[in-house]
Amino acid sequence: FYHASTSTTDRCLRIFLKYVRPAFAEMTGSFSYVWVGTLAYAYGGPLWAAIAYGVTLTFLVATFAGISGSHINPAITLGVIIAGECELLQGFVYVLAQLVGGIIGAGLAQMSLTAAENNGTTLYDLSNRGVVRLPNGMGDLIGVVIVATMTCLLVLTFIMTAIEQGTPISSVAIGFAVFGVTMAGNGLITNPAQEFGTAVVANLWSDQWIFWVGPLLGALAAGALYRFIFASSDKRLFLKDKYQ
Amino acid sequence: FYHASTSTTDRCLRIFLKYVRPAFAEMTGSFSYVWVGTLAYAYGGPLWAAIAYGVTLTFLVATFAGISGSHINPAITLGVIIAGECELLQGFVYVLAQLVGGIIGAGLAQMSLTAAENNGTTLYDLSNRGVVRLPNGMGDLIGVVIVATMTCLLVLTFIMTAIEQGTPISSVAIGFAVFGVTMAGNGLITNPAQEFGTAVVANLWSDQWIFWVGPLLGALAAGALYRFIFASSDKRLFLKDKYQ
Amino acid sequence: FYHASTSTTDRCLRIFLKYVRPAFAEMTGSFSYVWVGTLAYAYGGPLWAAIAYGVTLTFLVATFAGISGSHINPAITLGVIIAGECELLQGFVYVLAQLVGGIIGAGLAQMSLTAAENNGTTLYDLSNRGVVRLPNGMGDLIGVVIVATMTCLLVLTFIMTAIEQGTPISSVAIGFAVFGVTMAGNGLITNPAQEFGTAVVANLWSDQWIFWVGPLLGALAAGALYRFIFASSDKRLFLKDKYQ
Amino acid sequence: FYHASTSTTDRCLRIFLKYVRPAFAEMTGSFSYVWVGTLAYAYGGPLWAAIAYGVTLTFLVATFAGISGSHINPAITLGVIIAGECELLQGFVYVLAQLVGGIIGAGLAQMSLTAAENNGTTLYDLSNRGVVRLPNGMGDLIGVVIVATMTCLLVLTFIMTAIEQGTPISSVAIGFAVFGVTMAGNGLITNPAQEFGTAVVANLWSDQWIFWVGPLLGALAAGALYRFIFASSDKRLFLKDKYQ
């Protein structure tokens, strides 16, 4: 039996390592991702934003992989939960941290974009205050399908490289996944924490639901593809190997 | 002797692991490749499409390497068959899956491109409905030579890094190969599944044969270079080492 | 007991390996970084400069990692000192070498930029003689916050990947970190050695302090985040594991 | 004692593995590098050419590292000879193969560029027939210094990552080195085989010597930096460790 005091320290340490420290990683990562992505879009448009998401997610995954797994994105957290590699409570803490990080990132991006003026209009207003919306003429359903497809490929890449295979360059693969799908989506995004954070700061809520429903559907699809088809036998939900 | 039922399960599992699961990987990969590439070309032109192919092939190879080898492209499958690392029947299944994936990818790309209008003309029509063709003034023979050269370098990189040497960053090398050769080809493509998929969706068949003959000739050339020159002794067809 | 002469050789070798050789690495690296970055900005603007910083820092870290750790940047040296992986005296030598390298890099960049004329004005003058300054309308405080945030993320990535986790692709992660944050900063920089080197060559000192205070504050923040939260138990300043 | 016939086979195999096969790798690599680089410059200008060189050298080093070391460039071969990792005769064969590859690459690039016409002028003529020259107003001496600096950094990166440290991502580091320095050189090149190949095909010889003298001086400088400062004790020419 430990002394009570020791036991308290143990519990603190456990909570710190399992919840507090990972939450800081997710918050810092989400902050960075939203900050860089929002500004790159405003300065360079959707194709440069794709580059920005790609390189930023790469360095964030490399930096925080050993701390929190570096999800950065609520959709990835959902996918990892479905893959059986994240507890529900932990996932809940991660998502909260991601949302807080997204708000801070959006706030700092606003600070830069209001400082840059162009003929009396700030870049902040010119870029719809950093809030991503569907392009004119695109129906909501099509928007959801595109965002879900983008996110499905990102989450599947995350699960297969960072978790299933432990690929040494998983950070590059995951970064390049968001890079590629953002080019396909022409600037539409896969990260609800980004849409939420920018919306809170800008107080603009149109299309908000699309960037929640789309990513979460995509994560569900990626989780299902993994569990039914691509997982190795111990994680696959049917046709298990007899001798493992 | 196993019970009949057990034996059936075994056969199912074998077929699942050898044909069904890899086919899903090839279909998903081919879908993603065609979807991202077609859209990136429409949004950004040939140089941005080169980036898109590069990052997308990188993340797909990293994601599906352990499932199907991640060929994504019928020309690569042909090259791997010549290299002696894929059975004919399996290769046939892969190519079918790639073609199906290409059609789905082209269909989803069409959905995005018809939604974006520009002065009454959709981006879909402005980008020749996503179907790649030779530039004006380029003869068919020159086109075939260029596409064959592009594909030869891609397939040779695939064989040498993913199979021959097992390079840890083979996914990046393969992605960068298609990246580089697409810059040289100024948007011409190495993947018959892409040309086929977009042609089915658009019902435009001009130049279709060029993007079959070119890539397959390129794969033949890459396979020959490997088997006669670059393979290690056990795969090389002449001048074998005595003691291996 | 060694002979005196042997002992002198030993001391020489020790000084060479601990101070002289690393200083050459830092000087060469800093020279390259400033040279490439300043020219890429002048030729392509802030987004291409972001690419340039990214690829250059990647190859420099890969090249000099085994010699000096490849800090290249006084802010990174400060962060590594706080992380407990660089002695004060060694860090001082590194920073001196970085400043000298920065001046040489800025001088060589000037040589290229004065050779390229455009309607009677050299590219050197058009690019503010290579000296980075805050954009019009941005207050000093906001500038410091942005530069500090950029640098904090870069230094944190350096510490976590190159030191804490020894990630095999730490060079790519660190390069992509400066790539991403430079996109967010739209060309603002994280490296005091660059600002100092270009200012010496151009004799332009406005905003000089911002690119010292910002990076050093960012390095302090990154070091604190590491020491209090992200470090493993032996480096963490509180809540240590009992059994390590 | 072997039989004469066996001994002949042995000699053939030795020559094949030491000279013939590496020469094919260097020729194929040099062909690819010149082909992609020349076309990317013509289609996208110097900054896109920098990207093209970067990704192409990366995949070529990954593909041919195990065959010839993948020098691709006479300057790198010279640097590796100075570093003591390539015999003179072998290096001579490499350079011959690189020059032949450069001519073929330039010829194939010409084929593409004459096919693309723009108001009666082919892209071939618009891009100075693919032959790189100094920009107007830049003196020869400055040109040589810039090209030598570019090449020195490339060769030093090659020696330090591919040879000295055996970095697992040496191919990416080397590719990113040529990527970065080409941005600094705004399209000036480090590879005499490229300048020679394009000049043979275009019959344009102005500035030819600059792209031989510059790269070879750069390789000498890199070799000297390695041998006197950055090499580990067994390769370093002074201040050796006593116990190795």
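Chains here go by letter, A, B, C and D, matching the order in which they are written, and residues are numbered from 1 within each.
Convention: contacts are C-beta pairs under 8 Å (C-beta built on N, C-alpha and C of every residue); 3 or more make two chains touch, one makes a residue touch a chain.
Just so we're clear, the structure is a prediction, and the values are computed from it rather than from any experiment.
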Topological distance between chain B and chain C, in contact steps: 2
Type of chain A:chain B copy interface by residue overlap (half), same or different: different
Copies chain A and chain C - rotation angle from C-alpha fit, nearest 5 degrees: 90
Averaged-CA centre spacing for the pair chain D and chain B, given as whole angstrom: 29
Whole-Å separation of chain centres (CA-atom averages), chain A against chain D: 40
Multi-partner residues of chain D (at least 2 other chains): 51, 168-169, 172
Arrangement of touching chains [line / ring / star / complete / other]: ring
Those chain pairs that satisfy the touch definition: A-B, A-C, B-D, C-D
Sites on chain A touched by chain B in the complex: 46-47, 51, 54, 135, 137-139, 142, 145-146, 149, 153, 156-157, 160-161, 164-165, 167-170, 172-174, 176-177, 179-181, 183-186, 225, 229-230, 239, 241-242
Chain A contact footprint on chain B (complex, rising order): 6, 9-10, 12-13, 16, 20-21, 24-25, 28, 32, 35-36, 39-40, 43-44, 48, 51-52, 55-56, 58-59, 62-67, 108-109, 111-112, 115-117, 168-169, 171-172, 175
